[in-house]
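Order as written gives the chain letters A, B, C and D; numbering starts at 1 within each chain.
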Amino acid sequence: MASESLDSLYQEMVLDHYKKPRNFRLLENADIHSEGFNPFCGDRVVLTAKLDQQGIISEVGFKGEGCAISQSSASMMTEAIQNRTLAEAKELVTVFKEMMQGKMLDQKEEDGLGSLVILQGVREYPVRIKCALLTWSTLQDAILEQEK
Amino acid sequence: MASESLDSLYQEMVLDHYKKPRNFRLLENADIHSEGFNPFCGDRVVLTAKLDQQGIISEVGFKGEGCAISQSSASMMTEAIQNRTLAEAKELVTVFKEMMQGKMLDQKEEDGLGSLVILQGVREYPVRIKCALLTWSTLQDAILEQEK
Amino acid sequence: MFNSEQIRSDFPILTRKVNGHQLVYLDNAATSQKPRQVIDALSSVYEQFNSNVHRGVHTLSMEATEHYEDARRKVAEFINAPEPETVIFVRNTTEAINLVAHTWAIQNIGPGDEILTTEMEHHSNLVPWQKVAEMTGAKLRHIPVTDTGLLDTSQLDQLINEKTRLVAVVHVSNFLGTINPVKDLADRAHAVGARILIDSAQSVPHMPVDVIDLDCDFLAFSGHKIMAPPGIGVLYCKRSVIQDMEPFLRGGEMVREVWFDHATWNDIPNRFEAGTPNFADAVALGAAIDYLNAIGMEQVRSHEMEITKYGLEAFQSLEYLKILGPADHTLRGGLIAFHSTEIHPHDLGTFLDQKGIAIRTGHHCVMPMHRKIGLPASGRASFYIYNTTEEIDLLIETLKAALTYFTKGSSS
Amino acid sequence: MFNSEQIRSDFPILTRKVNGHQLVYLDNAATSQKPRQVIDALSSVYEQFNSNVHRGVHTLSMEATEHYEDARRKVAEFINAPEPETVIFVRNTTEAINLVAHTWAIQNIGPGDEILTTEMEHHSNLVPWQKVAEMTGAKLRHIPVTDTGLLDTSQLDQLINEKTRLVAVVHVSNFLGTINPVKDLADRAHAVGARILIDSAQSVPHMPVDVIDLDCDFLAFSGHKIMAPPGIGVLYCKRSVIQDMEPFLRGGEMVREVWFDHATWNDIPNRFEAGTPNFADAVALGAAIDYLNAIGMEQVRSHEMEITKYGLEAFQSLEYLKILGPADHTLRGGLIAFHSTEIHPHDLGTFLDQKGIAIRTGHHCVMPMHRKIGLPASGRASFYIYNTTEEIDLLIETLKAALTYFTKGSSS
């Protein structure tokens, strides 16, 4: 029983992040603390981050429970936003969401996403897109909160 | 535009009772006072009657508003139950209801009903049966109340 | 272009015989008939992707959810709602109004406040407010109706005042046919800080309705009156009004998280859709809207105006029958109620039914207005896009025969 | 006799392909599929006699009313209700329970009283009682669930006591599969003067249920889980309990007489059916009941027991997967929930879906019980009369493949 089509969803890197999530801890005294929850499926992400004096995300940690897609997306995101400014992170959220909604990316955007582009595979599974997006929406909420 | 089939419903006598209802008044100091109402169509009957010392219905009066069937049925009923005992009236209710539900009547029952048998025509119009029955259910309620 | 024959052929039931005659269906204000396109859409749900919505990752569930949310988008566009989330699916107009009564109303109305409705309300937009008044200590008031069947607007400055918290008003009366000035009422309500709920049961199916233009806070209608099945209805709510409101029915779908002793709420619209929603009938409602959009709501309205104008004139020829409601057809929806001093409407109804003509007889769930004008009941012929002037001719002819039939004894 | 091929051929959707594979529908606890007979019954309503019920004297209205009331009689017979009037049509189980919460419960429960439910309730039989407890000052308690997935009856004497006013309990758990001893709970409830409500969403569709034998005061189920459409559900109530109760939703149909400032109520069941009822889906529910009666509910039950037994055994062969709920198939309804320490159920669900197999994944609207056993989510395969042991084989085989697929990285 081959499952080639599934391989685009469950890329090796995705499963690796799922099994060994990076930055899987909640930071104390975090500047950012945001929680995301999908009431229909129960996926959860709690995101914490510290900002340095220049407003750069100096440290990120998350905890969560849920499927491989939601958790690996969170894990990969924590790596991607580290050492970025909030503005850069916000831009990343936009680009990531656009990618998931099916927009063709230009080279610059693709470079910006780096290895996150492998989550494109989720697009073929529309019902799972919200899994991939959960952590990004959580980050977005946090940034909007920060901007207030 | 002939309407032969309707003639079994709107017998001349029925229309006559509708246009000139008998005993169309409410009795004062009545022993029996009962009100019937059909919430779906708005037909209404108020029934009053006096009992003499032998428990015979000595006087009956009704008021009401509604269709030809409900009002003529009431008018004809007031004539039919006059000078009967409550027990006889109760029996009449039973026989009338059975007739309307389609039961074959024996000769004795038919004789008891007298001219009320013409209301049989309503049976072919199932949705109108409740019109014909309204006044009888009202009488039944009154008798049950009396028997308490 | 508008093609009556073409349209009629879309409605399978119109070929039916009733008592040996071709059905003439003039009871559209009670419920509408369904085109083949809607019936087929419904069958397709069950044949192709039936599944519970929102909760599954499997294909059927995903497809069912997509179709359900697509129907929500169609409804939103149809009434020009700013976003799909402001469209809540309920069973019918009645449930929609009760939802507002049990949520926004009891959370925002208090002793001494006033709820304003009209004398021509359907029970569904009256009895819930009696309950709210009783529960909150608010006063229920009614805009009077004039002899010509219009809202008496002469006292409005006094009726809509600082104490008014809610104006709940029927858009088109299902009894008098009157089209009420809801946009003006919305302005007046907002000017005193009140909210307005519009009972659009008889408007959304028959004419263009634009919730942004009307600027209403709540708007309710029933699917079954707009060519969709009886199990689906719509409550539109302004987001700002409903966003943080406590829920009504509680259970699955409407929660965010649940513990043994408490729970938190999902976002709109799910917060107000407890339990498995009637996604199948919602999809059918979407199909009904597609069908009507293809014709065009302006077309629907002008066709009904034409029929109504024709009917109002034809009724003049009938002795013993008096028409209720405004005389001007441009001020009316597509229905004509009438009464006769000689014959009870039920008897007329039965006579017409013998000829295959279906009209409504009774109080049409508008008892207080009937009582006010001294009638226990009335007859009502109500139209939709598939009705024709030939059917009106038949109605009039048969009413004439009925009047002859029932009055023959009078002269004997 | 029972003929699986024959039955399967009645369900058009079962011929569907999903992701290139024959659909294997194992999500019946969420919603059931509909046989051709039900789909046709629904189309017939719209093609032949669609009309508003109760209010008309014309033929269509009369026929619609007859079919609607006929459906009520069928439901009453199906659950052995003493009279059709004790069957109230609602949208779904959730609305049925909310109806009881908003009527009997708030009218009969007060401060210091107790409402008893269980730890395995669906949100729909939990969240409404949280609200009633909050509104009335009553205390909400829960019968604990043992490690083996059964109700812990050891404390019942203390849990069902003089303060208990209502026991609200699920008949068959949609998560653990457990069949609860509802008859015994009814006896105990009545012994202390309490009422019992049974959430039969997962029992009425799958086994004989007799409300007289159970002696329950309220019983609720959903049409969509019993081969009928999603817009119809049933609340059975003992007449003596509901007879004089204040209504819930207000509007048309449920009133006797209406004045501008007050109203009186119609009799049961109409009193609790405000607005135009979903008569079409009620008729379809009648057709579903006819369909099931022709098979026989004993047959349905024994078929599902067989499948469940087969499934429980087959699951043993799967590494990484743990079955939830009682081990004994005779104590279970036709469903099996499971979880894996290695793989999240959504990922399993997506894998299975690629092979055309539909299972449910998530919390199944039973969050508190999931939390209690430390799971955020689980997978669930649930069966109906059209499922076969071959489908179970396919499920197991595919789960095996999924486990290999998702754990392959573990060893790399």
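Everything below uses one rule, namely that a residue touches a chain if its C-beta (ideal position, glycine included) is under 8 Å from a C-beta of that chain, and two chains touch if they have at least 3 such contacts.
Because the structure is a prediction, the values reported are computed rather than measured.
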| item | value |
| --- | --- |
| Higher-contact pair (C-beta pairs counted), A-D versus B-D | A-D |
| Chain separated most widely from chain C, comparing mean CA positions | A |
| Intercentroid distance (Cα basis), chain D paired with chain A, Å | 38 |
| Distance from chain C to chain A - Cα centre to Cα centre, in angstrom | 46 |
| Distance from the mean Cα position of chain D to that of chain C, given in whole angstrom | 31 |
| Sequence positions of chain C contacting 2 or more other chains | 55-57, 61, 255, 257, 346, 350, 361-362, 367 |
| Chain B residues counted as touching two or more neighbouring chains | 40-41, 128 |
| Contact pairs between chains, per stated definition | A-C, A-D, B-C, B-D, C-D |
| Of all residues in chain D, those that touch chain B in their complex | 54-57, 61-62, 65-66, 255-257, 266, 270 |
| Chain B to chain D touching residues, read off their complex | 37, 39-41, 126-128 |
| Touching residues (chain side chain A, partner chain D) in the complex | 1, 3, 5-6, 9-10, 12, 15-16, 19, 40-44, 65-69, 71, 125, 128, 131 |
| In the complex with chain C, residue positions of chain D that touch it | 12-13, 16, 18-19, 23, 25, 27, 30-31, 33-34, 38-39, 42-43, 46-52, 55-61, 91-95, 97-98, 101, 119, 122-128, 130-131, 140, 142, 222, 224, 229-232, 249-255, 257-263, 274-281, 346, 349-350, 352-353, 357-362, 364-365, 367-368, 371 |
| Residues on chain C engaged by chain B in the complex (per definition of touch) | 343-347, 350-351, 354-355, 361-363, 367, 370, 376-377, 397-398, 401, 405-406, 409-410 |
